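Just below sit the structures, each encoded as structure tokens.
Next, two complexes with chain A in common: one pairs it with chain B, the other with chain C.
What follows is the complex of A and B.
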């Protein structure tokens, strides 16, 4: 994992360095004189060759110094920590709502495979799965906020406010961000439930006269949920990508909105820091998925 | 006053380019191209007039004709019991502020805030019709307009307590004019040879060439007075001006809280105690949030969302004056437009009235006769040169050798409101005159980067310029960088210079009228309408008015 992380830092730095953007130009504006630009570049260390800048950035990052962002007008590290906390909290809210819901729906569809309940759940989840976030964001806002008036249309809150005090403002973005994941997990669960229900041991359990409830919950579900748990962890990485659109749409002060601001303003230090952080989280989520799978599946043992 | 590319003034929330860049950078991310319609480009910064300002002055210090009647900007209705002091205005914007508050360095959104903190010598009203005194109370031209003296307002204090004096003005302009400082305001003000303090409360500008519009160039974004005892870093990071508000809190750039300046020179105003700036990048969410009551005002409302506000009794949609334009143009130095008959034919093809109605139905617009000078400018003339005449167009084209038909691509910005629609309408009429027009839609950012100054038949959007001179100079003189039509005419150039230096009001008006008539008859621009930008407020917000440069002057705004 550390090797991957190292390669990721090189990739991020390489891509950002190859971009035609120039922080000094951004800070001084398009009418800046070449002399003023040269002075600022020197001050920012931009006149150094790429490998030296890379080592400098890497060592700084390891020490927790993510650099200075002209957009934020200050150090990145402090702001980034609040933002990532906000994003993770919103993701957590989304998972808390979506995962149990998805599993229930998936089990229902799986148990009643081919019946009306299954048809409705399958078709709806397929539709939800195919909707990009910016469409589902508009649709959910229209239904839950504009028509029903249950939820506020945006996630307005101060970046350093505690997001758990504004739970009502988190539900819409959290739902939007995890809607596709919900659908995906539901479909996964349905598939494995059907699969497990046809296994000989389940058939045996049913044949020996156990009530259907006991068969499903005691025998089938345990095995059926195994792949689902892996999917849940893997979805976390996917969630980070979707956040760019969701946070921008709902004006939520999370890390992805910071990433977008960095891109729009050619704020390269900010861009590097946010991208790296998202990469780290994605890697961690995948790592956790592997660990969880290993722990739950007796056939895999970590040596 | 502004010279940024029109493109840079149209903020796109998630532009194509941004997404492409993102796609390459997000690890494990799933990105779907979200194309958000860009908000109309409201501009930056310049305070508005207000009913209580001391007498305002017509530009040019002349008895210029009153601004066009249909230009009256709408203002939020005010109850009879008059303004009330206090309250916090939650001001929503789709344009996220960034870290720059130094007025001399800014070009965009931050200038709106810099404008609440720092003040210029002179403001221009929202119709660009009249100058309004701000830190200067009076001014006069000497030596035929090559020397200008400004009397400064007395008893004005900066936020840190020191009195505002002439040396602050000198410092401000020397800073902008310093080539090493790199202010984007320098090119427009480069006509200033020297700024000097005559006494504590009088400043003198010595110009390189006489300019009767000189006070207008002080209404631009950058020349806001900064105190001479602040370092450049402090101007940006710990701003202290003379303005009606000062920064109380700057939180991570997406939220800024401004507090009332208790020592503001206008004892009565501003009425608001606090202003909270809230950035919501997605316009639909911004308008939804206004409807939900979480914000009180929205700085600009994109046209497709206007109906949402009009249908809501809690909200008011406030239109600015009709001074924005998007239109079709021909490039005169390439085939087939090198032939004067073809140009005339193409100008005879559209029904401008119908085209304007198609683009701006329900929005108070001004039908144009290919005149780039905005209708609220005192020098604007009304003409009636171009009427649709498809028969004549067909005859002219046949005469020019295109009797068997002509096929041409019309390049259009496909993400700008109404542009594709009016281009298709043009194509429809063109077919009746025997011309096949293929409308080619391109997203704005790519269009302005690759097509705008290259194509022979295209579209363009211009944000308003404060003076007739600037409007004509920036796009129609021979050496203008942004001369999209390649209108090159030595007589026109000379007459424009002559008009700018002409001190006599009547002769000057006659010159500008002649310039407009010449351009309407000969130019490659096909301008069918000027239209406004709209902002929106909740019903408890009063005195709010859209301003094309400043977004809004918050001094007359109050809450009930």
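What follows is the complex of A and C.
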């Protein structure tokens, strides 16, 4: 995992460092004198060769110093932390709603495999899986906001406002961001429920006359939910990618919109910092998926 | 971009040569769903080729007195906030989406095939290094990587194509590599090696023709993901500008009117969904026909 992380930092730096944008020019504007530009470049360390700048960026990041952003006009670290908090909180709300729902739907579809309930759940989840976030954003906004009027259509709020005080504005983006994950978890759960229900030990439990309910909840589900837990962690990484669209659609002040501002304004330090942070979260989530799986399944202990 | 793509185990494809059935037999084996999906794809291809003939109005013609009209006999799918016919705009928008995503996907497939062939056939330290890099690139969500590249290249149609192509290269490389690994030590490859054929000959004349099936399937899967990414960039306003009839851009404009004129958002969203789902169904059909067929052994 650390090797991958290291390679990721090189990839990010490589792509960003090769950009034509000149931070010094951006900060001083079009009419800056060459002397002033040279002085500023030296102060920012832009006159150094790439590998030295890379080492500086890496050590700075490790110390919590993410650098200076011309767009924000200040230190990146503080702003980025608020934004990432907002995004993670929204993601958490989404997971709290979606994961239990997905497991219930998946178990239902798995237990009644081949029947109408299963067909409806399977086809809907397949559709939800193959569509981009802004399609589900439109669908959910139309249903929950325009037609039913339950939720506000936008999540506009001050970036440093506490998102938990505006829970109603969070639900739509949270649902949108996790809808495909819901679909995926439901499908995974369905698959493993079907697998487990066909195992000899479950058949034995049924043959010895235990009621269906007991067989499902006490015998089958314990094993059927194992792969689901891994998927929950794995999909966190995917959630980070979906945020770009979701936060733009609902105007939610999260980390992905900060990243997009960096892209639009060619703000290199901001781009590097946001991408790295998102990459770290993704990698960490994948790592936790492996650990959780090993902890829960004694057959695959990490050696 | 999507969970499946993010989580899918690489290279489920087994690579063995299948005897080529005649085209007619191949078509007759397709399910009704796949044929319906093919028809939908054909419809969009017709839109792309013949937009000027099919669309009732030019994409940017403004009917100033009929803004935000719901669907009617005159405007089948309604009009937008400027009074432009939504049906015409969707039809004209097809070309941009299809060309961008198909070219981007092909770029990713060609690049990934080259990398995968080399990595899988070379093995050893070269393979190790390439696969580590591939892992690192795949660790980033694909839209993020594409965004980074887009910032680097400057937002334009061309850089969207390049960006998506580069993003999909590692994904395809993994699939191709595992297909190569499956056949690199099979007799006919060994025979070619013993005959003293060059590495390039073995890669392109012996191995490549025998791993076509997973590559074709991968290409169709990549195309549907490329459509998602292209539309997403349009939605973010990157690489496209008003008044271009781009589907993603249409959705982002419609966002502000979603309470009063929901059809403005529904029309492009349905177009994207139809196309993407149709292509996924076609690639499922292809997978069944090409990859999961009982494979015959290669006869040289």
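Here is the rule we use: the second predicted complex is superposed on the first by the 286 of 303 C-alpha atoms of A that agree within 3 Å, B and C clash if a C-alpha of one lies under 4 Å from a C-alpha of the other, contacts with A are read in each partner's own complex, and residues count from 1 in each chain.
By our rule, a contact is a pair of C-beta atoms (placed from the backbone, for glycine too) under 8 Å apart; a residue touches a chain by one contact, two chains touch by 3 or more.
Predicted, not measured: the structure shown is a model, and the values here were computed from it.
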Following the superposition defined at the top, how do chain B and chain C come out on chain A, clash or fit?
clash
Figure out whether A:240 sits in contact with chain B (first) or chain C (second), or with both, or with neither.
both
Is A:156 in contact with chain B, with chain C, with both, or with neither (first, second, both, neither)?
first
Is A:58 contacted by the first partner chain B, the second partner chain C, both or neither?
neither
Between chain B (first) and chain C (second), which does A:138 come into contact with in this model arrangement: first, second, both, or neither?
both
Which of chain B and chain C A:79 touches, first, second, both or neither:
first
Is A:71 touching the first partner chain B, the second partner chain C, both, or neither of them?
first
Between chain B (first) and chain C (second), which does A:184 come into contact with in this model arrangement: first, second, both, or neither?
second
Between chain B (first) and chain C (second), which does A:7 come into contact with in this model arrangement: first, second, both, or neither?
second
Mind working out whether A:296 is in touch with chain B, chain C, both or neither, as first, second, both or neither?
neither
Which stretch of chain C would you flag for clashing with chain B, going by 8-16, 62-70 or 98-106?
62-70
Residues on chain A lying within both footprints (that of chain B and that of chain C):
8, 12, 15-16, 19, 132-134, 138, 141, 145-146, 153, 237-238, 240-242, 244-245, 248-249, 259-260, 263, 271, 275, 278-279, 282
Which part of chain A faces chain C closely enough to touch in the complex?
3-4, 7-8, 10-12, 15-16, 18-20, 127, 129-135, 138-139, 141-142, 145-146, 153, 180-181, 183-184, 231, 234-235, 237-238, 240-242, 244-245, 248-249, 259-260, 262-263, 266, 271, 275, 278-279, 282-283, 286
Sites on chain C touched by chain A in the complex
1-4, 6-7, 132-133, 135-137, 139-144, 147-152, 154, 224, 228, 231-232, 235-236, 238, 248, 251-252, 254-255, 258-259, 262, 265-266, 269, 272-273, 276-277, 280
What does chain A use to touch chain B in their complex?
8, 12, 15-16, 19, 28-33, 35-36, 69-73, 79, 82-83, 132-134, 138, 141, 145-146, 152-154, 156, 158-160, 237-238, 240-242, 244-245, 248-251, 253, 257, 259-261, 263-265, 271, 275, 278-279, 282
Show me the residue ranges of chain B that touch chain A in the complex, using the header's touch definition.
4, 13-14, 18, 21-22, 24-32, 34, 36, 96, 98-99, 105-107, 179-184, 186-187, 237, 250-255, 278-282, 284-286, 288-289, 291-292, 294-295
